[in-house]
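Shown next, in structure tokens, is the structure this report addresses.
Should a chain be cited, it is by its letter among A, B, C, D and E, assigned in written order, with residues numbered from 1 in that chain.
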Amino acid sequence: MAMPDSMRKLIRLLLGLAIAAVIWEGAVLLFGIRPYYLPRLSTILMAMAATPRAYVDGFLRTLAETLIGFASGGAFGVLMGVVFFRVRPLREMIFPIFVVSQTIPVIAFGALVVLWFGNTLLAKAIIAFYLTFFPVTVNTLLGLETVDPRQVDLMRSFGASSRQLLLRLQLPTALPQIFVALRLAASLSLVGAIVGEWFGDTTGLGVLLLQAMFTENVVAIWAALLAAALLGTGFYAVVAAVERRLVFWNAEQ
Amino acid sequence: MSRALASPSLAVQRGILGAVLLVACWEGAARGLHLPAYVLPAVSDILAGLWSKRVTLIDAAGYTLLEALVGYGLGCLIGIGLAVAIALVPALRSAILPFATAINSVPVVGYSPLILLWFGIGVSSKIVMVAMAVSFTILLSMLAGLDRVDRRAVDLMKSFGASRFGVLWRLRLPTALPLLLSGMRVSTVRSVIVAIVTEMLGAQGGLGWVIYQAVLQIDFVQVWAAIFVASAASLAFFGLIGFLERKILFWT
Amino acid sequence: MQAARLPHPGPATEAPQAQSKPEPLLELRAINKTFGAVAALSGLQATIAPGEFVTVVGPSGCGKSTLFNIVAGLEEPDAGGILRFEGNSCHSADLLGRVSFMPQRDLLFPWRNVVDNAILALEVEGMRRDQARAKALKMLPEFGLAGFEKQYPNQLSGGMRQRVALMRTFLFERDLMLLDEPFGALDALTRAMMQRWLLDVWQKYRRTILFITHDVDEAIFLGDRVLVMTARPGAVKLEQVVDLPRPRRPEIVTSPEFVRLKRTLLDAIEEESMKSFQSSIAQEKTP
Amino acid sequence: MQAARLPHPGPATEAPQAQSKPEPLLELRAINKTFGAVAALSGLQATIAPGEFVTVVGPSGCGKSTLFNIVAGLEEPDAGGILRFEGNSCHSADLLGRVSFMPQRDLLFPWRNVVDNAILALEVEGMRRDQARAKALKMLPEFGLAGFEKQYPNQLSGGMRQRVALMRTFLFERDLMLLDEPFGALDALTRAMMQRWLLDVWQKYRRTILFITHDVDEAIFLGDRVLVMTARPGAVKLEQVVDLPRPRRPEIVTSPEFVRLKRTLLDAIEEESMKSFQSSIAQEKTP
Amino acid sequence: PAAELQKASLRLKWLPQAQFAGFYVAAAKGYYKAEGIDLTINPGGPNLLTENLVATGADTFGLSGGTDSVFAARDKGLPIVCIGVSHQITPFIFVTRKDGPVKTIQDFKGKTVTTWFTGANHVLNGMLAKEGIKPDELKIQPQQVSVTPFVDGNVDVITATYYNEFYTIQSRMPKDSLKTFVAEDYGITFPRDTLIVAEATAKEKPELVKAFLRASLKGWKDAFSDPKGAVDTVMATAPTLDRAQQEFMLTEVKRLMTAGAAAKNGLFWIDTDAVKTAHDFFLKYGVISKPVDLAAAYDASFIQSIPAADRLP
């Protein structure tokens, strides 16, 4: 039952992509769009095929940075959400600083990150982390606060400890909200990884983008964009799929 | 009553305490470890630098805010317009939504090279970038809001003889407002950041341009001063929309 | 399905037909409604006379709300049934805007205050706002809402919200009012208050009312007639005339006549609800 | 507030004391509870014997849930009252984990299936999962849930959810069970089913039950004794022994003895609910 | 043996391209290893400042903006020293259309001129000053990443580097349709692409600096003698680059690196006169706030210590 359904979805997706590709190619040819604005899809794909290693390596490198940033940002975000939920004074002291931190444009202090963390994968992942943790903190907190006090009372009447309360009731209740933030974080960590690569790196989709921009190579820009789109959509889809798995009770309501 | 009044002020006190502690640590680290300005300038130096360059910085902030505001307004209009169009003509949904989601899956900064090449390094490229970043958020939150409407309420309106437009105007739009406004609030900070990031890649003015120039001139105090101003501008914008949100959504 | 169906054979014979009355306001004959594979209504018959207060009880999921949706013009019945309103045969959609309908929940708009919620239907009709407001303001005291015109729904108690929703329905002046479990969300005591109050208002305005409820006491206390529906697919199983004198006092619920009526109705319902209970368990087991 | 208060003077005299019975399971004397300026309970007295089924009715907001919270150990009463459980005087907090409490809604966890919801309390107690599950599985048929162990709450009907919540409460084997309007969210017909079923289960396990309801029919149908509470601040206005034979058949609700009991209780409630209705309107007008 | 290798890093001013070919060739051919250095080449990026990274010790060596940025860094108190100059003459030119209204530099008046505010603006100002033109007599605008506004005719004069933008413009416009203005024609030279180290490195590890220079020189000489191979090496790091453009770039860079004093003294020669001229110019126009100690800022001893034969291309 599930198999043909997912197959049908996949076929529909591929069909949609094929149609979009044909429209792209056709539109460029038909309206004679200057390649400077929009090159033909085939040209772009050929450019990618000419140097596949660059795109594969860039993709993997950016993926690694994205994943590390996402994982650490997500974990830290949930942790801070729980801490803020439990310790109100701490929350009132630190939360406003978190808010302010999010108004700082990353690229402005990217140089500092290189200075402090060097030219490592870590430096990129830290920028991704910086963009990721805050939405997760906010939503974890929001989610924890939606816990029905009557459910808390019920658990307490069973004699539950605060640890049992957190693990068995509060975190599961917050899970749908946390996943809303994680989906957002999936795209934000990619932004962080790409921007992070703008601070002196040799591999990564961000590097490819930047190099293409400054040599005014529009085909290469599009190629890097497509790779980024693939990474972004793929990662988002994975997070969404995990969400459907873990938060099964929410989707059906 | 007096308790209700006292507790938020305690929260504010703690907030201020947190900020003071942070500034103290920063200042202490910068001065105590004798960090040079190109590693981390002291807060007091930054504030002094901010004051001495206030004219330049305020001009630049104005420039950036203008880009951010125009782009933001444009983005809101586009997002709301598309969402309303989808609500009125459901057939548009399957045409617009996958397209929008696909475009949205690429990080906005990814588009900056193209947008800079297409629209130049003037104000218009920043406006386009901001509008792009904002419009998707708005479209998605507005749509979620419009879809949230209670079917039974729609039936009620229909039973009064209301038209599709009547239902939209009297029921669906007000229902969507809370989600729309929270989307708008979140987008404020984003609009300023996107404007600044795009400015740093090529611009004729603005805070991003100031930061870029200051880095080249190795003037790190000014870099930080510009960051402070950018942060303050974002917060002000955020606060303004948040305030409007509370005013408009009196019923929640 | 194309040809007009004969009346539902079994229970229909039990139901005494209202014959000597004048022209009925609403007449339903052989109404069917299926949703995909689910038959919600099957061969439903009913006649409502002008000015009558008719209550409807029946097991959960038997199609009561579906019936209301059809009469409110929101849902078209399957082809073959006959729907007559004010003597004229018509489609369901023709009834849109011609009956005043109050759904299961109050559905007040939180961004509108009491008056503006009440005049919603008038606004949709195109009446000028100030005119509509003036009209509503005059009605407020009767609905126990005097002085509350500027309040917003979140400042009202459940009972008051329900009265605002009822006022909205009353202001939409149509000959037929459909009330779908208007008091379902209220606690039993507030509910009793609201019932008495509704009878007062109805006695004054004398609109025709079709009223769904789950509560047999409520159905008897309010109605001129009680329609008991069968389990799904819904049809009218029993039409019970309530010959209690009006105005009715709260004490009436323990009077012997009331208890006798209750017994009759409970027996009928018991039979049907056992059916639907069984079938629902059977159904839940399938997936 | 420090000194022990005298029993509430007025209504307490009306209440016949249960004297000849054995050691009471729960004893409440002169219990007060204030929330800021609001007095929720004032001088409440009550005694529950082991194995008794006591129902509680009273106007909305009179403090019924507050009373339960105190007995469940969730809320400390004001100083000065006496709370005795199994013969020993104790603090409210001492009762945490010693009575099984079922709040107003089913409060099932949507991420746990039927069995895992049922064993929640056992898990908290530290029982191993497989052991707890095995124990629950054995009980399923009795709760009409056989074959549903793997279902999630959103796949269940309202009545079934309620049965899962009840099963969770039963599995938490304590001498005293507190049920706070367990059937409040159900429609009247499902509710009638559940009542009969609850009586069957209770007759089998013979736990002591304290049961809040808004519905007088329900209170009489289920209880050995009905406590009627006054409007806020809550106290016991009337203790009515229900001397109807058990097992009780559904038809009993139209029997003369039942109707007579109902009349008595309705009169007492009417008086109190008028008070609370008035005071709530007065209160709503202030802001 | 690897154990004896000394770790070091070189921070470039931009992403990998043929402009830096010599360093990549030296690394690829193991010249740094042979000198006992385990060298990492770190690319630059927008908003990254080589001077900053070298001053803080994040990187050992840096290829910084130019003489102007060395002065600016010293002026701000960054402890860096220049140990070699790569481009001996100004790498920027100003480009206009042959058939356009601009025939001489006097015609710049009232026209739209775009330039980078990252050094090229000083060149422009210097040229204008020599001709007695005040900057406010023309419309000077920041130049964007694209040459399209010029190609489309929206800009009268555009700034270009010989090795990058000039190539793009030529590839998009008819042959021989361009006219260029060169700084040297107006008696101005701004040497650019300077090699820098931290003062501490210069003082404490002179041998490391010399070894680095020796290896780099070898790399560059190889790159010039085998340009195709050098471009291969660069493109192994950045495969998406355009080969034709990279080959052109290397040719132009060779011209810039071997021009002026380098023809006689070899690559990375520090032309003290040119540096002094630039210094005086910056002081006059307020780019730096006070005179900079030239001897401290430019230490020619390292490059001079290498035998001339190893330096000459």
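Heads up, the rule we're going with is that a residue touches a chain if its C-beta (ideal position, glycine included) is under 8 Å from a C-beta of that chain, and two chains touch if they have at least 3 such contacts.
Keep in mind that what you see is a predicted model, and the values were worked out from it rather than measured.
S.K.: Touching both chain C and chain D, which chains are there?
M.R.: Output, common partners of chain C and chain D: nil, no chain qualifies.
S.K.: Under the touch criterion given at the top, what is the topological distance in steps from chain C to chain E?
M.R.: The least step count works out to 2.
S.K.: Tell me which has more C-beta contacts between its two chains, A-E or A-D.
M.R.: Answer by contact count: A-E.
S.K.: At what distance in angstrom does the C-alpha mean of chain E lie from that of chain B?
M.R.: The separation of the two C-alpha centroids amounts to 39 Å.
S.K.: In whole angstrom, what separates the CA-based centres of chain B and chain D?
M.R.: Comparing mean C-alpha positions, chain D is 52 Å from chain B.
S.K.: Using mean CA coordinates as chain centres, what's the gap between chain D and chain E in Å?
M.R.: Measuring from centre to centre gives 85 Å for this pair.
S.K.: Approximately how many whole Å separate the CA-defined centres of chain A and chain B?
M.R.: Each chain's C-alpha centroid was found; their separation is 19 Å.
S.K.: Mind pulling the residue numbers of chain A that touch at least two other chains?
M.R.: 36, 107-108, 111, 115, 210, 212-213, 216, in rising order.
S.K.: Got the chain B residues that touch at least 2 other chains?
M.R.: Touching at least two other chains: 39, 113, 116-117, 200-201, 211, 215.
S.K.: Note the residues in chain D that touch 2 or more other chains, in rising order.
M.R.: Residues of chain D touching two or more partner chains: there are none.
S.K.: For this entry, which pairs of chains touch?
M.R.: After working through each pair, the chains in contact turn out to be A-B, A-D, A-E, B-C, B-E, C-D.
S.K.: Mind listing the chain B positions that touch chain E in their complex?
M.R.: Going through chain B, the ones touching chain E are 36-39, 113, 116-117, 120-121, 200-204, 209, 211-213, 215-220.
S.K.: Taking the complex as given, what residues does chain C use to touch chain D?
M.R.: Within the complex, chain C touches chain D at residues 59-60, 147, 155-157, 160, 187-190, 192-193, 214-216, 250-251, 253-254, 259-260, 262-263, 266, 269-270, 273, 277, 280-281, 284-285, 287.
S.K.: Where on chain C is chain B touching in the complex?
M.R.: Touching chain B: residues 69, 72-74, 96-97, 99-101, 103-105, 107, 109-111, 120-121, 123-125, 152-154, 172 of chain C.
S.K.: With touch defined as at the start, can you tell me which chain A residues reach chain B in the complex?
M.R.: Residue list for chain A touching chain B: 16, 36-37, 89, 92-97, 99-100, 102-109, 111-112, 115, 187, 190-191, 194-195, 209-210, 212-213, 216, 218, 221-222, 224-225, 228-229, 232-233, 236.
S.K.: For the complex, give me every residue of chain E touching chain B.
M.R.: 46-47, 49, 51-52, 55-56, 65, 69, 72-73, 76-78, 117-118, 141-146, 148-149
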